[in-house]
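Here come two complexes built around chain A, the first alongside chain B, the second alongside chain C.
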Partner chain A sequence: MQRDGNRNVTGQERVKVAALVSVGRHPVTGRPRRAEYDARAVEIGLSLATGGNLHLAHAGECSPESEAALRAYLGMGIAGVDVLQQPAGADIVPALEAWLRELGPRLVLCGARGETGEASGLVPFLLAERLGWSLVCGLAAVESVDGDSMIVLQALPRGQRRRLKVRLPAVVTVDAAAQPARQSAFGPARRGGLQRLDTPVTPDGDAQSWTTAPARKRPKRLKIVKATSARDRFKAAAAKAEGGGGQVLTGVSAQAGAEAILKLLREEGVLR
Partner chain B sequence: MNDIIRRDPRTEWIARNRLHPEHDAVLARMGGSTPAAKWMGPNGIIRRNPHAVGFIGPNGVRRIDRSGAQTANAGASARREAAAAPTRRQIRIETPAFYVAVVADMPGGRLSAHDRDVLGLARQLADEDSAGQGAVLLVSFGESREDALGDAGVDRVVSFAGERFEGYAPEQRLTALGGVERQHEPRHWLFPDSSLGGAELGRRLAARLGERPATQVWQIANGECTGRGAAGATDVTRRLPRIVLALPECAEPVSESTHAAESIAPPAALPQALRRIEDLGAVAVDPSSVALAEAEFILSAGNGIRDWGGFHRAASVLGATEGASRVAVDNGFMPRHRQVGATGTWVTARVYLAVGISGAIQHLQGIQQCDKVIAINTDPGCDMVKRADLAVIADSSEVLAALVELVDGVKKEQRNAA
Partner chain C sequence: MLDVVLPVLVLGALALALLGALRRIGLWRQGRPSPVSVLGGLAAMPRRYLVDLHDVVARDKVFANTHVATGGGFVAAAVLLILVHGFQLESRVLSWALIAASVVMFAGALRVAARRRNPPVRLSRGPWMRLPKSLFAFASGVFLVTLPTAGVVPASFGGWALAGVLTLVVAWGIAEMFLGMTWGGPMKHAFAGALHLAFHRRPERFGGGRSTGLKPLDLGNPEAPLGVGKPADFTWNQLLGFDACVQCGRCEAMCPAFAAGQPLNPKKLIQDMVVGMAGGTDAAYAGSPYPGKPVGEHGGDAHSAIVLRGGHEGGRALVDAETLWSCTTCRACVEECPMMIEHVDAIVDMRRHLTMEHGNTPNKGREVLENLATTDNPGGFDPASRMNWAADLDLPLMSARGSADVLLWMGDGAFDMRNQRTLRALVKILRAAKVDFAVLGNEELDSGDVARRLGDEATFQALAARNAATLAKYRFREIVTCDPHSFHVLKNEYGAFGASYTVSHHSTFISSLMEKGRLALGEWTGGRVTYHDPCYLGRYNGEYEAPRKALKGIGIKVVDMERSGFRSRCCGGGGGAPITDIPGKRRIPDMRMEEINATKADVVAVGCPQCTAMLEGVVGPRPEVLDIAELVAAQLVAAPAAAQRAKKDVAEEVAA
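After this line comes the complex of A and B, so read on.
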C-alpha cells in the first residue's frame, strides 16, 4: 500500500487534532527517548493537521532528561508541547481529561502503550469512556476526515487492513502498523517551546501497594508427554517434526493436481 | 470381551513345543488362523514367537516392523492403545458457587492456543477456592466451530451470534458483556491480551465497569498476579483484580478433565449500543507489500522453477505473497528479502505452497510454524514431500499453468454471473 505521509488528506484544514505523548525508554540502553508508538501517532497527526492545528500534551514530570525526550517530538516540526506537571505516582487521566475538555479536539491520537511505568495501555480507553467519545484501536492510516466522521484504515494481523467509518470526536490508538515517525531535527527541537502548566494532582492510590521489579525471564514451557509406556515416551522425545499422513498425488495430470491444490486452498480460505 | 487372562498351561506348553502333534491346531485356536506371536509364559514372562511376527518383504526376506504398526497380534495392540490414550475425568458442575468468565478470541470460530491458556488459568481460579466450586463461563462471539470446548475446561457457554456482533463491533460486544456482568456477576473476567481481540475488549470493559485491570499478566499465584510493565522491562506484582488480561502461556491448558460446556441462554434484553463505528469491510491489500514473516499465504519458488514468468503470474492470480528458497535467490531470480529459511525469514503462513523446493533442513526450519504445506515437485522422495500435507508429483510449470487457468476460469464465471 502506498502511503504518503507528507501529503495532507484533502479538505480538513480546520480539524483540531490532539496527540498525547509520553517519555519512552530505549529498550537497550534504557535512556529516555520519544516513545515509539507516540511518535507514530504524532506522524499521523502531522499528516492531518498543519502546524497550528496539532496540539501535543504530555502529563508527567519535567526533569532535564524527560525534557530532552520531549524535545524530540518538537523536532518533528511542532511548535510546542503542553506539559501538564504531575509528580511521579500520580494518576494522569484526570489531568489529561481536563486538558482535552478545554481544548475540544475532534481527534485524539495516542500511542497504544507507554514504555515506562505500568504501561497498561489503558489511558485512551479511560479518556474515551469518560469523555464519551468513540475509540478505535490499531490505526494504520486516516484516509479522510469530514465534518463529524472520518474514514480510517485499521491494521489487522497478517498485514491485512479494514476500513472503518468513525464518528467524531474520537480517540484512536496507534501501534507498530502505522507509518514510522520521521526523524527529529535538532534545530526545531531546540527552538520549540515546552509550556509548563500547573494542574491538579490526583494520587494513584492502587499503585502504592504494587511491587515492581526488573522483568524476570519467563519459564519456557516444556513439552509434557503423557505416555504410559517407555516406548511412547522415547518416540515422543525422538520424534522428528513431520507432517505425517500427508497426501501424495503421483502420476496425476497437471489439471487434477491443480484441482486438488485449489480445493485445499478453498478449504483454508486463503483464496479471495 | 473379558479382559481376565485365563491360562491353560497345557495348551501353552503345546504351543511352545513345535514338535507336538497338536501344535498347529493349538496355535490356530490361540491366535485365530495365524500362529500366536506373543503369549504369557508359565512364569508370567511374555514369550514371543519370532516366526509369527512381521511379514515377508518384496525380496522374500522376513521384515519385522517394531514400530507396532503391523503386529500380527491385533488384539494385544488394541488393548495397549486403550491404555495409552489417557482417559479424561468427566466433570459436571451443577450449581457453581461463582463464575469465572473468559472472553475468548476464537479466530475463525476455533479456540486459539492463547484462548486455551487463558481457559487453563480460569480453571485454576475456579477450582482453587476451598469455600465453593466455581465454574468457567466462556463468552464467545460469532459462530463457534469448536466441538471440544469441554476439553478446554469450559463449564458453561454463552454465545452471542448474529449480524450485530459480526466484523468490528466492539461497542455491541461491550453491551453483551455488560449483560453477562449483570446476569452472572462473574468473580473474575479473563481476556487474552491479544491485539484487536481480548486486549481491546478487556480494556473497554474495564473502563466501562470502572475496574482497574491487570494487563500483560503471565503468572497468578496466591491471590497475586504478576504482569509485564514498561513495555516488557519490568514485572508488576499486585493483588489479583477482577479483570485480568493475560499473555500467552500464562497457564497450562486443561488436559486431564473434560467439562460439560453446557450452553446457557444469553441475556435477553440488551440495551441498544450507540453505533459510533461502522465497519466498511476488508480492504484488498497488495500481497507483495505484505511482509513475508506475517503473510498468510505464500507461494514459494525453488530451483525446480523453469518458467519464472509463469510463477509470478500464478502468485498474482492466487493473491499469494512470493517466497523463495536460497538457491532461487542465489541464482538471481528472486530478491534476497524473499528468502525463506534459516538464513532468510521464518514465516508463519497458514498455507505454504512450495514449488520445486527439495526441502533442505535450512529451508524446513523456516516453515516450522506453517499450518498447511503443499508441495509441487517431480521427486516423490524429497523431504518437502514428506513434510507436506498435500504433494503433487508433477512438473512445476504445468501445474502452475493449470492452477492459473482454473482460478481465471472461476473468476470469469463469477464475472459473467454477476
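After this line comes the complex of A and C, so read on.
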C-alpha cells in the first residue's frame, strides 16, 4: 500500500522542471477537475524535482470553478501554480513561451492533450518549435537526468517501450502510459497559492474564424473476424495492425533517406 | 515507631502522588482544547462510574464482583488510611472500618490473583502481573498496622523488627496504589479513568444514551488541524481517555480485524497513543501485538508525526498507516470497553490526517474519493443513471410531487445489481401497504458515509451540504432506507450541519407496518434462518429488535449466532475496509460465515447492502443471503382476508 511514486530518479540534482497544467473535465459528469494527463505529467515532475524545483503554470481563465480544479494540482503537494491570465479565445502559446523563457527550465512536462477547449494536443509541439527544444511524446518514465541529457522510456503501442536519450532542454508529453497521478489532498490544496500573473494576450486569429459544433459519434467499421477457434479469435484480437508494404532503409545516405520519406509523404497525400 | 513512620509514609506518598497528578494533567493538556463542564462532569462522575461503567464490567460477572471488592475495598481503605494513619485520628470505629475495608480488599485481591494465575490472552502481562501481589501487600500491610490502633494488640507488639517489616510492606502497597496511580502503573486507570468519565467527550453516552456520529472538522478555519497528525492534535480529553485504558483486552477479543490477522489491535493502538502522549517506545507493552508487527520497533512523542509520510522502508513512527486502515469502524471495541474509550474517533481522526494532509488513502481509496467528488457515487457511475434500476417501476419522484409521507432513500445500492433486488422488494412492500412514498431519484447523492470513514471530511461535508439542500426543498414525515450506513449518517451526522430528520431503517418501518396490520403476509416455510446484525444499525443505532420482529412477522424464528445483537461481528464491509483492503491472514466475511454456518442456518437474513455483498462474496457452500425486505416481500399474499382488513384499517386511517 505504500506508494513508491516518489522514488527519486537518479542524478536529478537541481534540475529545474516545469509542468503545464490545464483545467480538465470529467468524462461522465463534465465537472471541472485536474486533467488526467496533466496530473500524470506533474507526477513525473514530482519524482524528478523534489522541493522548489518543480514549477507549474496554467494559461487560461481563473474562475471559481477552474480554481478548484487547479487546486487539485496543489493538493499533490505543490506550493503554487502560476496562472497566466488569458481570456477565452486567446492563443496561449506566446504567453507560455514567454513564461518558459523567463523560467528557463531544463524539462517541460505537458499532458498529451487537454480535456477542454481545442484539446488538439499541439501546444507542446508549438512550444518546442518556438523554443527550439527537443520534443518527446508519449513519455512513460524518466530513467535518469544529467546536466545535458536524460534517458527516458517512450511508450509505443501495445505496451512496447523505447529507450531514448534526449538532449536538454526538452518538452515532453505524457499520456496514459505514465504512472497514475497521486491522490490530491485537501490540506495542501487549500494552502497552496495560485499566483495570478498578467501576461500579454494574443488573440487566436485562426480560431475566431472557426465554427464549432458538438462532436458526433462516428460509426465505426466493425472488424469482422472469421475465426473458427478461440485461439484464432485471440490472435486476431491481439494481432498488430499489419503495415504491409513497408520498407526498411538501412545504410543509406541522409539525402537518399530524406528523399524516400518525402516520396512516401507525397504518396500518402500528407504533402502536396 | 509505627505512629511516627506511618504518617510520614502516608502523607509523603500523598504529596508525591499529587505531584504525579499534576505531571499527568500536564501530559493531557498537551492536547487541543475541548470544552467540558468541569463541575457538572465531576458531579456526574460517581454515577457514571457506578452505573454506566459497571454495566459494561458486569458483562463479566465474576470479574465485576472481583472489581467491586478490590476497588471498593481499596477506596474505603485509602480514605480511612489517610485519616487513621496519616492524620492519626484516634477513633476505634474508623480503625475497625479500616480493618474491614482491608479484609474486603484482600478478598478481592485473592480473586484478582486467581485470574492472573492463568490469564486469558487478551489481558496484558508485564506490570499487571505484579498487581495482585501489590494488592496483597497493601491490604495485608494496612490490616496489620491497624490492629494496634484498633486496640486488638498492644502498640508495642512485635517490637522494632516487625514494625520495620510492616513498614516495608505498607510502603510497597502504598507505592503501587498511590504513586502508581499518577506516575504510571496499573493503578493509573483509577485516576485517569475517574477523570475520563467526568470529562468524557461524549457525555451523551451515559445514562443509557447513545452518541455514535463522528465529530465534524472545522473546515472553515484554515488554522484548525485536519485530523490528528501528532498525539498533541488529539483533544485533551481524548488523551485523558487513552490514559484510562486498563489493558483488559476486551476490545482486542472483539475486533474483527485483529481476529483476521490484520495489523490492528485496538488495545495496542490505545497503548501506542499513551506512548505517544508521554514519549518513548512501545517496548514495555506486554500484550498481544498488532498481528505481524513485532513490539518494540515503534515510538514517538507528543509533537512528532504518528505515521510517517509515505511510510517508507526502515522509517517507523508511532503506528503504521495500515494499522489505521485495517479498522472497519464496527465499534465492537467501543461497545465492549469498560473504560468507555472511543477507539473509532481516534482512528478516524488519524485517517483524516492521512487522507487530507498526506493524500495517501491506500488501494482503491484514491479512486473512490475522486469518484465521490466528481460523480457523487463511489463507483464512478453516471449520476444520471441512478434511477435506471427502477425504469419499469414508475416510482414517484419528489421533484414532481413536492411532498410525501415517506422519502425512500435508495443509497448507492441503486447502482448495484444485487442491492437492486432488495430495493425492488422494498418497493413491493411499500406498495402493498399503500404507503405514500417518493424518491429523490437522480437528485440523491451518496450520503458521504464512505468518504467520511476514509478520512475525507471535505468530500463528506460537501455531499452532506448538497443532500441537505435537496432534502430541504421537500416535505416528508420520515426517511426510510435499506442502507444502515446512509441511515446512520442522515440520522446522526447531518445534524451537525443543521439538518435533522426522522429516519427509519426499512426493518423498523416494515415491522411497524406489520404491527398496524397493513401487510397481508403468508408464513415462512423455508428452513432455518439466522440474522446478522449490521454494525451501523445495531451498535451505532441500537436497533436490534425491529429486524427480528419483522422476521417474526412472517413466522421466522431466528436462530441467533453466538455473536449477535450488540456483540455481532462485523461482515468486514464497514469503514471503507473493502476499499483500503489491508491484507490479513483470513478474510473477515469468511470468519463471519463460519459463525453463520455454526447455526446450521439455510438462510442468513441481512439488513444492509454492504453485509449482503460481503457475505455473498464468501465461497459456497454457504447459506443463502437474503435481505429482510426480500424475505418479507416473498411472503406478501395477493389479497386474502387479512389484506381486506388491512385495507379497511387504511381507509379508517385516511378518514380519521
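In the analysis below, the second predicted complex is superposed on the first by the 214 of 272 C-alpha atoms of A that agree within 3 Å, B and C clash if a C-alpha of one lies under 4 Å from a C-alpha of the other, contacts with A are read in each partner's own complex, and residues count from 1 in each chain.
Criterion: contacts are C-beta pairs under 8 Å (C-beta built on N, C-alpha and C of every residue); 3 or more make two chains touch, one makes a residue touch a chain.
As the structure is a prediction and not an experimental result, all values here were calculated from the model.
Contact with chain C, but none with chain B, is seen for A:75 once the two complexes are overlaid on the shared chain.
In the overlay built on the shared chain, the residue A:95 is in contact with neither chain B nor chain C.
Touch criterion met: A:136 reaches chain B, while chain C stays clear of it. Once the two complexes are laid over each other on the shared chain, residue contacts for A:190 go to chain C alone; chain B is not touched. By the touch criterion stated above, A:145 is placed in contact with neither chain B nor chain C. Looking at the shared chain after the overlay, A:84 reaches neither chain B nor chain C. When the two complexes are overlaid on their common chain A, residue A:174 makes contact with neither chain B nor chain C. Once the two complexes are overlaid on the shared chain, A:18 sits clear of chain B and of chain C alike.
Within the superposed three-chain model, A:33 lies in touch with chain C and out of touch with chain B [touch as defined at top].
Within chain A, the residues touching chain B in one complex and chain C in the other are 1.
Across the interface of their complex, chain A is touched by residues 222, 226, 310-312, 321-322, 325, 355-363, 365-366, 369-370, 373-375, 380-383, 456-458, 580, 582 of chain C. By the touch criterion stated above, chain A contacts chain C in their complex at residues 1-3, 6, 26, 28-29, 31, 33, 75-77, 182-188, 190-191.
For chain A in complex with chain B, the touching residues are 1, 25, 27, 30, 113-122, 125-126, 128-129, 134-138, 151, 153-154, 156-167, 170, 175, 206, 209-216, 218, 221, 224, 226-229, 231-232, 241-243, 246-255, 257-262, 264-265, 268-272.
Contact residues of chain B toward chain A in the complex are 68, 80, 83-84, 86, 108, 167-168, 170, 195-196, 199-200, 203-204, 206-208, 212-213, 215-216, 218, 228-239, 249, 252, 255, 276-286, 289-291, 294-297, 318-320, 350-351, 353, 364, 368, 371-374, 376, 380, 385-395, 398-399, 401-403, 405-407.
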